[in-house]
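Read through the structures below before going on.
Two complexes, one shared chain (subunit A), two partners (subunit B, subunit C).
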Partner chain A sequence: MSDYMSEESDGEYYYDDDEVMGSDRAEDEDTEESEGEEADYGSMEMSVTALSKPKKKVYEVDYECLATSDIDKSMAKEAELLCSMLGVDISTSYQLLRFMNWNKEKLIDKFMEDPDAVKEKAGIADTPPKFTLPSVAPPPAPAPAPVASSSSSNSRRTTRSSNKTAAPPPPVVDEGWSCPICCCEPEPPTGVMALECNHAFCTDCWQTYLTGKIREEGEHSIRCMESGCNDLVSDTVILGTVPDAPKEGSVVLDDETKDKFKELLVRFFVQCNSALRFCPAPGCDYTVQCAAASTKSSLETTVPTVRCTNGHSFCFGCGEEGDHRPLICTIAKLWLKKCQDDSETANWIKTNTKECPKCHSTIEKNGGCNHMTCKKCKNEFCWVCMGPWSEHGNAWYSCNRYEEKEGVDARDAQSKSRASLERYLHYYNRWANHEQSARLSLDLYAKTEKKMQEMQETSELTWIQVQFAKKAVDEVIKCRMTLKWTYAMGYYLEKSNQKELFEDNQRDLEKAVEALSELLERPIEPETVASLRQQITDKTVYVLKRNEVMLEDTANGFLEGRWAWNTSISPFIE
Partner chain B sequence: MAMMSTKRLQKELAELNGVKGTPPTGISLLSADNLASWRLELQVLGESLYQGETFAVEFRFGSRYPIESPAVVFVVNDKYKAPVHPHVYSNGLICASILGNEWSPVLSVSAVCLTLQSMLASCKEKKLPDGNDAFVKTAPLDPKKVRFVYDDDTV
Partner chain C sequence: MADARLRRVNKEIADCRKDKASNVEIDLVEENPFHLIGTFPGPPDTPYEGGRFSVDIVIPDSYPFQPVKMKFLTKVYHPNVSSASGAICLDILKDAWSPVLTLKSTLISLQSLLCSPEPNDPQDAEVAKHYMTSRSSFNDTARYWTEIYAGGPPAKAGSSEQKDEVAIAGLEKAHVDQFEALGFERSKVIDVLRRLNYRGSNVGSISEDRIIDALLK
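Coming up: the complex of A and B.
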């Protein structure tokens, strides 16, 4: 199995990330509980070995499901690492990483080249304000009384010492200062705040602005309110974690907004990391980490079906819910799109139209007699037998000439030209049939539940002993999913010996599944229940095997490049 | 919230009326009967392609003004036409970044008008935007519902 993971040499920096992240997590857990480290380590190893199945099948991938707190830890780890490497504080580190879309290598490169340029572009101004004040002003008296900075020519601007780690003291504003946005006149220093850029606004405006940006626009990098000002509002301001912040003069956002902001940070981090993907199920906040499927090229040969801790299964490659094995993402997508666009149309065309025997234009007969005149080529023919109208003589409105040679030829030609439509519908109908069955799975479970109850009441079987029925249903549903996608795959497979082998496997699986389904429908009779149980159990094992064969063979085929497609698929260029 | 926009708009109105301070040249208030929608007359000063022409702009303010940008369009009726300009559609909709992603709560009605004046003044060729006809046919009446792409910063 691991042989095709190590094949991925084009993983670029993602792989490093993953390794770091993976090991980080382990370290985190170690450091969290400092006592009993050895025992802890031991149990960790145990759980790891228990998690990774002893034999991984060729159609399975290694992955890990992470909770939001795990992602937080990964982010913190990366940010802390950058802190020490670049000599910046933690909040700056976070902001720089976000600015570079969490591309650590790129950030380090650029930062080593010109730290100030990077900081400026990112909107992080931890350098003193550009306009210098008469002196590195002694911090204004903390007294609530307004301090008129009459000495400053920049009366509108604010003064404060710029210390990147300490809390920014409230800006000093003139008496009679009014907020340039809402025109209120707050009592300084209460209710006035400025970023490093010294653009002062009242805290009410800041609050409204930040809340709007976070809640309405979903922004995680928010700039100063001044027109054209590039300064970022730091995370500590938004989350209200400015060290030693004075109660007055600082922004207080409600908890819901703060949570939303934290969520935005996590979402952005996951978005930036190709080895991570959110569970697509609504309301689920687990993230799956799957390094083996983090590159586009890996998806040419792997179908990374994963399952989050809440039990939602989805494809890591394309985010499609459910399991589209054995078909790879790009072709599965192609098929879904085709079905969305074509299947209804194709069905309608098939049932409601015929083709002109001469020019093959599609014609819908929406009234009138059987004497058809093709609008396009003016060919006259009979709608019933498709033969030329000239041979109908005087039998104008009834066609009794079905067996005439001309008519037979015309119909033959017609079916030939419709072969591709028929072919598509062949695969589509089977695909849709399994889809339909899967949709009815809830019913099937309910029915089986009842039967299991019945068995317990009418026979000697215990609760444990009747579980075989549920297991059989599980397997049927799983196999129908596989079968469904084999029909999509079959549609695109080029005719070859390989395809014949593929179809043999498909047929065996389908036959086995149908047989098992049939057994499950049988009525329960006390005399035969024991043998039925045996039959179903055996069949379940057989079906499970057939499914494995199907998945294994297709997966190997992808790895060996055995599958040839009948359509030009340029799936890896988007 | 409402308080925020009220106080701010009253102050802006006083400036534009000339009650407090002087309104910018080339800009005069046509109507401002309430604090939801104003109309202003706008002329381009100095030498330009639009010399002698007079336009009207309509501002509509939401309750979140000035945190959110106002909706600004050129008035098109019997009396006024929209200027022929590569960033102004013939239905009056304006493609300007400061009305979209570069809006700042510090900007005001007069600041927007000044920007529009300079946008017109720097225009080198009177021409409609690409795809004007197609856009005008389908465009929503509310400019805030249009996703503009700001790709040309020359005019």
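Coming up: the complex of A and C.
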């Protein structure tokens, strides 16, 4: 019953937040407007299908985008539940949950076993809880989150006035007391504060200390300044919502620090919950909830690409920005690392070095004539034809013996030993090529924009009718992303019939994408624009279908365990 | 806040000078109150007894909310102190710092670190290995370092004026001589044997071939 009450007051209180939350949600939930508030608050597992398409493709996952206020609500809900279960006040409940990394079950277990020990370890002062249950509290019910504005602290103040746990009595200090940290001598009792542990320090020092811990060290559980003292500074002290706090002698942090603290609380909660992940885009504060991809094993068969309400797409599994479908996280990561480590080196080795035909040491020729003597095995050979030097006679400075058998053999052997390098570069260059194209997407959009303008001016087509071009560009960019990752996947796939089918799909998609790209480059002429439009529209649909086929087939392959990886990767999987 | 820092440091220095019992001293470097040198005696009943150790102290801008930066100026043979740079591995100089701690209390903590090494959380892995394999040999070396670097009493009667490289490395003269006789340079032999921790019971478990391999590298 307590839940119901707070639910109602919450709904009211958070109404504003919902309004600003973004049009996406508001529109999609139009139909359930009447019950919206309650359903919204309902639970963390609320099944908002608003963002997922009606028919889920095999390569898509169910997920939901949450605003910070939603996270606050989830936190508040868990904390409140613990309040009534463990008989502690809300602030303690938050701190206990944070101490246990938001593992509710573990906290309940441990707490039932020995509440004092848990509290002591968590650094919560051992004052007997005089908490009044929310259900018997006079209305308005306590607003749950300390992460809330002044209105909530007001309501809490009324319910908490009988409850002294969060308001430490002002410390008793003698005349002539000086702060052990800054050695100042504030007139008692103003400007002195102590937690329940009674370690008194001046409020200036407290402020500097707390600000530093929050802003520089990013800590959400801050202990007393005394060395070895385990007492936690309560959230209410940090947020300045201590009930009955005296005007003077209490800590006042600036709003920026308080906001940062609230952010830290949210971040920590998200971090502790494997079904939540922050949008990695800079400055974006949406969180995505995706229960389907919360376990490690699920990531071996799915690529949970999600998109936050601000439109940033990223992988829920590994946090990589963009979309690395169809390749699963572990292998995508492996590939990225390999590229980072190897591609430059490999390219340099390829262009600047050769291998000694005898001992296969890699040799860089940095000057001198073509008569090479391997430092390691003393083999003498010709840099140009790779054949043994003994066959060259006196023609020291030019090699005209390219066709000599020994030289041909040596070059064959060389290319064989370089096959793996070549293979890598084959995939890497194609991968990089699509990557580069995607990076130029902004230019492409601008160019298309201009063309659309031109079409409207030179032909009969209206604004709505020229949108096909933008749609085509959207599709091209999306497909290049897919193509890019199919090359990474191709590199790691073991040669098999399955791989051939995969490469067929890849080829079809690539061909279609290139054809569409080319159509988009065509000049606009009034006579042909109508047919060009038709062609592009058709091609766009075709490309879209090819991309779906590619993604669907690979996703099914993962589910069916159809993909066999080559040796370079097997140790990393499973 | 700058005022508070200066006020606090001055008070700390004054307190430290008043307190003769602890035998900890703090001095300014070039009149700068934020760059100091602290000294304390090696704790009794340890290999460091009799030595006097000095520590470079830098007070950061956000002191006392951030820990002081300290490192040994005197070379110390100790698992938690780098034998090369004097860097110190001690929790209160990192996360366990509290603004209530003072320069004096921190120096006293360093003093007690000398009494109770934490070889499982080493700053100097080689020294830590030495400590773990052969305590008596480690103590000899630490005592020798105290003697030659910290002005401690001579460890053995009749030890020479000259610094003994073998004793500094904590090795047996016989072992070094043995490999030097094979034609390797003495300094290289010392280096390799030290790296392989050729001490105590390890002598039996490291084959000569392995040492020669390492020497040939």
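Basically, the second predicted complex is superposed on the first by the 476 of 574 C-alpha atoms of A that agree within 3 Å, B and C clash if a C-alpha of one lies under 4 Å from a C-alpha of the other, contacts with A are read in each partner's own complex, and residues count from 1 in each chain.
Just so we're on the same page, contacts are C-beta pairs under 8 Å (C-beta built on N, C-alpha and C of every residue); 3 or more make two chains touch, one makes a residue touch a chain.
Every value quoted in this text rests on a predicted model; they were computed, and no experiment measured them.
When both complexes are superposed on subunit A, subunit B and subunit C clash.
Contact with both subunit B and subunit C is seen for A:M225 once the two complexes are overlaid on the shared chain. In the superposition on chain A, contact is made by A:T208 with both subunit B and subunit C.
Once the two complexes are laid over each other on the shared chain, residue contacts for A:T362 go to neither subunit B nor subunit C.
Looking at the shared chain after the overlay, A:P180 reaches both subunit B and subunit C.
In the superposition on chain A, the residues of subunit A contacted by subunit B and by subunit C overlap at 180-184, 199, 204-205, 208-209, 212, 225-229. Within the complex formed with subunit C, the subunit A residues making contact are 180-184, 199, 204-205, 208-209, 212, 225-229.
Considering their complex, residues 1, 3-4, 7-8, 11, 64, 66-68, 98, 102, 104-107, 111 of subunit B touch subunit A.
Residues 1, 4, 7-8, 11, 62, 64-66, 92, 96, 98-101, 105 of subunit C touch subunit A in their complex. Every residue of subunit A that touches subunit B in the complex is listed here, in rising order: 180-184, 199, 201, 204-205, 208-209, 212, 225-229.
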